[in-house]
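Heads up, the next two complexes both have chain A, just with different partners, chain B and then chain C.
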Partner chain A sequence: MGLFILRRFGVMILTALCLTFVVFFLTNLYPNLEKLAKTQGNARMTDAEVASWLDRNGYGGPLIVRYGEWLGVVPGWTREGADGEVTGRCIDAATPAEEAPTFCGLLQGDLGYSTVSDDEVSNIIGGRLALTGVLMFWAFAVMVPAALIIGVLAGMKEGSRLDRSLSTVSIASTATPEYVSGVIFIVLLASSTAGISPWLSEMGWIEGRTLFLGSARSAMDDVTFWNFTLPVMTIALYGMGYIARMTRASMAEVMTAQYIRTARLKGVSFRNIVLKHALRNALIAPFTVIMLQFPWLLTGVVIVETLFNYNGFGWTLVQAASNNDIELLLACSIVAVFVVLVTQLISDIGYVFLNPRIRIS
Partner chain B sequence: MDLLTWTGALGPILNPLMLAAVAVFLLGLIGNFVLTLAGQQAGEVQINADHTLTINRTPVDYALMAMKYAVLLFLACCLAYIIGGLVQSDPMDQGILGAMGRRFLPVWIALIVLFALSITFKRKLGLYGKLFDSLIGMIGFGLVMFWMFTAIFAGTIITFGPIDVISQMRNEVPGTPLPNPDDGAYLYYLLGGDNLGRDVFSRMVMGAREVLKIAPAATLFAFMVGITLGLPAGYFGGKLDTVLTFIANLVLAFPVILLFYLLVTPEIVDAGIPTYMAAVLFLFPIIFFVVLFNSRYHTQPTKRLAYIAISLVIGFWLYSGLAFNADPLGLISMPGNILIVFVSVVFVNSPTVFRIVRGIVLDIKTRDYVAAGQTRGEGPWYIMLWEILPNARGPLIVDFCLRIGYTTILLGTLGFFGLGVSPESPDWGSTINEGRRLLTIYPHPALPPALALMSLVLGLNLLADGLREESLKD
Partner chain C sequence: MTDTQHRGLTTHPVAEMYAQEYKDGKLSRREFLVRSTALGVSAAAAYSLIGATPVAAEAHRATPPMGGTLRIQMEVRALKDPRTYDWSQMANVSRGILEYLIEYNADGSFNGVLLDSWEANEDATQYTLRLREGVKWNNGDDFTAEDVAANFIGWCDSTVEGNSMAARMGGLVDPDTGVAREGAIEVVDPLTVRITYPAPDITLVPGIADYPSAVQHRDLIGTNPLDHGVGTGAYRITDYEVGVQARLEKNPDHEYWGNTYLDEVIFIDLGQDPAAWFAGAEADEFDMTYETVGEFIDLFSAIGWTQSEVTTAATVVIRPNQNSEPYDNQMVRKAIQMAVDPQVCLDLGINGQGTLGEHHHVCPIHPEYAELPPLTVDPDAAYAMLQESGHADHVFEIVSIDDDYRRNTTDAVAAQLRDAGFNVERTVIPGSTFWNDWTTYPFSSTNWNHRELGVIIYNLAYRSGVAWNEFGYANPEFDALLDQANGILDAEARSEVMAQLESILQEDAVTLQPYWRSLFRHHKPEVINADMHPKFEINIHYLGIEA
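Let's look at the complex of A and B:
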């Protein structure tokens, strides 16, 4: 078991290295750097000026060396200007050249400097991640129980009317991406001119003009039922159908097993069969699926945060990508890749732990 | 001129009926739920002593029956609106629903012909014919073909050009008449105008064409790549399998949205990355067909030569046009921004196809007929392509349908973030993105493309479900 985890861990590190290199390569392509030079320096630079600007600011060396510097395994570049002033990767206003460390990269916890927000990347990304964490937590808290209940109810009597209607519901939910369900929810529940809100406020059943708020901007300070329901529902809906279908398949398979038939013949009530005998075995497969939903949720989070104006991690990613904020985008990618790989690892290990039929020698 | 109503002349008769149908349906649903909770069961068929059957109807059955007839009544009303639109000539009488039904006339005719022919000959049509045995599959197929025919006949359905701007019509509500229409022009904006004064209805219809131009083709390419790599990985195993699986997992570990943001930017297009990726990815279909014919006609040199020559010529002709925009005949071309969208969608989808194919091959290669083929001395590629692949077609066809839906969602995501599409493009993702800015005040520009996208993907998912059900019955 230890060896298995170790090997999975090794593969994970290798994957992470490959992925970060690809991201580094794509964000540091010459057209991107040229655009960066022109936004930081002067929009009307000539090609030679761009090249010298890049060289002065440490973008000149070979890609693999710069990747090493960024990672923190190659000493950061230093450079002595014509006036004797020393500049370098690890040198900034707070740390003069004499005190600057040799290495400053990801491994030292230095994520770099966001050129657009004029702030350390680590300062920006922490708060944004916390905001997204709140969103993810509520999305999971709604999605997982709902999906498991739907899946178990549908799978316990395969082919029944309940199964068919719940399966159709879950198919419909997988067919509704976030940008569609978000739009429909806003129109139905959060518009002052359409949907049910005008009717409800006319009847005097709600206090404000709309049932829910169509923007989650105020939820960044204070999460309330009024401003956070729609983003959470939007994220939860798309992932729910998939988990529910997996749970249904797993439940249906368990219900045909021999031991369930034995329990039936013994005269155990249907309720007890489902709750005590079938449920625990049926929930092994959905566990993996739920863990693997994280990378999917990442896309959902980006869409929902853009749609509802919630300045979390996804919103930051979009801003960094569209403003050519290279270091911030790299940091976002690291977080995204890290989340994906860790959830994969947990789902693999958890599956082995949960399923007694798999024994790794 | 007045605003069009949604339902026109039939409205006063049919609207109460529809409302009643909805009310009955909800009552039935609640009744059913409450009765089931209270321990009532649906009636069962009993066999009497004199060999007759009786069904005991319980209240649950009546609740279900009420729901069923409510749904039928609702559908009948919808049909009546469309027929009303076809027979009445004045748009005021047709209403918005009827007028739209009339614009979709070519689609209705094509659908009716297709379904009539398919149901008549369904026993001779293999798996496709069996689809018409399942209601879910038929609904899904109907939805998909509706959008397919809409894309084909889009030119005759639209009432205005997708980028024609009439500035007075900015943000006007559905059914607004034009202020001073030209001769012969359509008199109304059926689904209103968007924030620039373009016709929402026409843009939605043209959007179907934009989406269906890319999604199926991209999915097909992803399947070619996935199959060409997945077959040997599963069949040979070993080092090849390890390397390919690692690469596939690498791509899969990339969050899709990040990949899009990294790949689909003007800077990347400038750097020529999409062309290189296209150069690699578009080679796979050619390799696939060459190997396919080579292994099949290995013993018939003339036939083999002919087929390989044909696939190479056609393949490289398309290849030069699509990947490098350098078609010697000047017929095939792909603009840079469409190419990058196409390539990234193929790139995202092919690792999943690879994993599915690999899994199926691992299962099938232990079967007896594969061992028999090996004993006969058949080559590995013949076994993979002509023994294993045809037997893997069931799950692959089902996944193909699901994957077109997923690709449609991906394309919508790209449009939603304004990646890779031209700003005026009528595709559904970008129209949703444009409409969302004023969503709480003017909901009408964003809603039609959102519902269109949802119905197409839902149709594809239902179709896949129907196909799976029917192929399992074999």
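Let's look at the complex of A and C:
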């Protein structure tokens, strides 16, 4: 088991290395660097000014060396200006040139500097991740129980009317991507000129102008039912249908197994069959699927956070990508790799506990 | 509001001449105000010169109650050295701490902020700036002429990358060294600075009222105000998260020279999509917009917000770049111009919310505007001309940014060209990447903000080889005439040269410039003094909110 976990971590580091190198390579293509120089310097700089800006700010060296600097295996660049002032990767206002360390990269725990935010990446990404954590928590809290209940109810009696109607609902929800359902929710529930809000407010049933808020910005300080329902529902709905379908399939299969038939012949009540005999075995497959939803949610939050103006991890990723904020984007990639592989690890280990026939060696 | 009153000149020979021109009907009231206040005549005195009541000039702002929190929707971009600001939004945040010598009012007049008064000599080569007394920096230092001189030297330093103030300083910059000309900036006494130009220049006052000219402490020139927080303004920045929000509060450790009302101002960044702003307004995320655009103008009014409108010289140019094939051919450019009806662009691009332009980028509200004969629109003749030029098979790719009015206007141009028989392709580029190559796209649209004088625009964008010349336009004859116009203080005389400049631009078919935009802003009815400004300025010192 220990070896297994160790090996998984090895894979994780290797994946992170490959992914960050790809991201590093793409963000360091010259047009992207040019864009960076213009957003940092002045949007209307000339080509010569761009070249000199890039050189002065340490984007001049060979790609692989700069990647090494970011990793912390190559000494950070330093440069002496015409007026004798020394600038460098590891030098900033707080650490003057004499005290600056030689290496300052990922290995030294330095995630680098976000150019668009004009701040250390580590100062930014923590708070943003926490915000996304809150969103994910609520999305899971809604999605998982609802999906399991729908899946189990549908899978109890395959082909029944209940099964058909629940299956239709779950197929519809999983076939609707977030950017469609989010917009539909906003129009229907969060607009004072369209949907049901004008009608509700005319009847005097709601106090504000709209039923729910179409912007989750206020949820960053204080989560309420009104400002968080729409983003949470938008994320949850998409994953819910998928998990429900998986649970239904697994449940339906279990319900046809020999031991279930035996239990029925013994005269066990249907309720007890489902809860005591079928459920545990039926939940093995959905468990993996639920864990797989984490990476899916990471992509989901990108859309939902942008749509609802919630400044979390997904929103940061969009900002970093559109502004070519190299080090912020790299930090985001590391976080993404970490989340995906850790959830997969948990899913593999959890599998062992749910299914005694599987051994990890 | 009386605290911004300044004791400017009561009269000036040239201003009296303007007053006569106004009375003769040669000048509009607005033009008269821009020109005479630029000479140092106070707004009140200028009004009295033409026999108008000065009440309108001084009472254009209400006095709000003290206290309150105001939330403003605006992009929050990373701050930097103010000289290199490229967005008005940056200045709107830093204006709470870093003030300006002079400010430009929405009615076209100028009044002093850190300056008490200013005056020009008769040929506009020498300006005397008198500082407001009793102004202190929030670190305890006095605000003196040394500060002003240090800022002027900083502004003139064209060796600083992206310092757009150097272009505004014009003749004060020595072309050989790239820094301030020796003796151009003199400290006369602790409250007086004298600025001397080698040749007449009339753009000093508009130049130092523009948003990159925030006045920094003499020892902190070239630094980011966010790092030190030193300024003369009444506020301090307590929280600044790029792309999210900026929060300012009244600085309790600083005695501000004027009156100010709000306790707290929060700038909230909701991205670039107006739909997101509207969703934010419905969710009560903010109290006033930075700017409302397109169809959202009606939507914001529909939810009960107050609309504020100002007519400006802000515009969109849809221009070929003459450094690329086939736009180096004048006939091709002329054909494009003849095929496009500005009225259609105005109607489809901005719902008719503006006035028609004449493809020469000088607006009727500019003092030196000269009226030219109307342009002809003739798609058939345009196509014939295109065929004659031998480029009828060329595929015209027109690039625009992905937003509301600029995209729509460019679409309107593309559609009209297609109707005339041109092969047209449209490319839409997201806002985050559009500006990377904005000067070099072969054929694209760009928005230009309002400037106070027509010559300012020509110096910035149409002179050969200047940084913002996105037209690839280089015409020595034009440059020579422009030099001449730069030295003529009398707008009537200048407009004669201007007529030539305008018609050169039309003949060379340098650009399409179909309309002038009106700008709009919306705010909740309880917000006070939040009127739209032609240069998007927000001065939080004046704002207030009714409890």
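Please note the rule applied: the second predicted complex is superposed on the first by the 336 of 361 C-alpha atoms of A that agree within 3 Å, B and C clash if a C-alpha of one lies under 4 Å from a C-alpha of the other, contacts with A are read in each partner's own complex, and residues count from 1 in each chain.
As a convention for this text, contacts are C-beta pairs under 8 Å (C-beta built on N, C-alpha and C of every residue); 3 or more make two chains touch, one makes a residue touch a chain.
Keep in mind the model is a prediction, meaning the values are calculated, not measured.
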Task: Which of chain B and chain C A:T193 touches, first, second, both or neither - done: both
TODO: Could you tell me if A:Q319 is touching chain B, chain C, both of them or neither one (first, second, both, neither)?
DONE: second
TODO: Return first, second, both or neither, reflecting whether A:S218 touches chain B, chain C, both chains, or no partner chain.
DONE: second
Open item on the list: Quick check for you: in the superposed arrangement, does A:V116 touch first (chain B), second (chain C), both or neither?
Closed with: second
Open item on the list: Which partner chains sit in contact with A:N311 here, chain B, chain C, both or neither? Use first/second/both/neither.
Closed with: second
Task: Touched partner set for A:G41, first chain B, second chain C, both or neither - done: second
- [ ] Quick one: classify A:F21 as touching chain B (first), chain C (second), both or neither.
- [x] neither
- [ ] Using the superposition on chain A described above, determine whether A:P31 touches chain B (first), chain C (second), both, or neither.
- [x] both
- [ ] Check whether chain B or chain C contacts more residues of chain A in the superposed model.
- [x] B
- [ ] State whether A:I184 touches chain B only (first), chain C only (second), both chains, or neither.
- [x] first
- [ ] Overlap the chain B and chain C contact sets on chain A and report the shared residues.
- [x] 31, 35, 186, 190-193, 210, 214, 306
- [ ] Over in the complex, which chain C residues touch chain A? Could you list them?
- [x] 78-79, 84, 86-87, 161-162, 164, 226-227, 241-244, 268, 270-271, 276, 279-280, 282-285, 299, 302-303, 430, 432-433, 435-436, 438-439, 467-468
Task: chain B partner contacts - residues on chain A that touch it in the complex - done: 11, 15, 18-19, 22-23, 26-27, 29-32, 35, 161, 167-168, 171-172, 174-177, 179-180, 183-184, 186-187, 190-195, 210, 214, 295, 298-299, 302-303, 306-307, 314, 317-318, 321, 324, 329, 332-333, 336-337, 340-341, 344
Task: chain A-facing residues of chain B, complex - done: 42, 64, 136, 246, 249-250, 253-258, 261-263, 265-268, 270-271, 273, 405, 409, 412-413, 416-417, 429, 432-433, 435-436, 439-443, 446-447, 450-451, 453-454, 457-458, 460-462, 465
Task: Contacting residues of chain A [partner chain C, same complex] - done: 31, 34-35, 38-46, 49, 52-53, 93, 115-119, 186, 190-193, 208-210, 213-215, 217-218, 227, 306, 309, 311, 319, 322-323
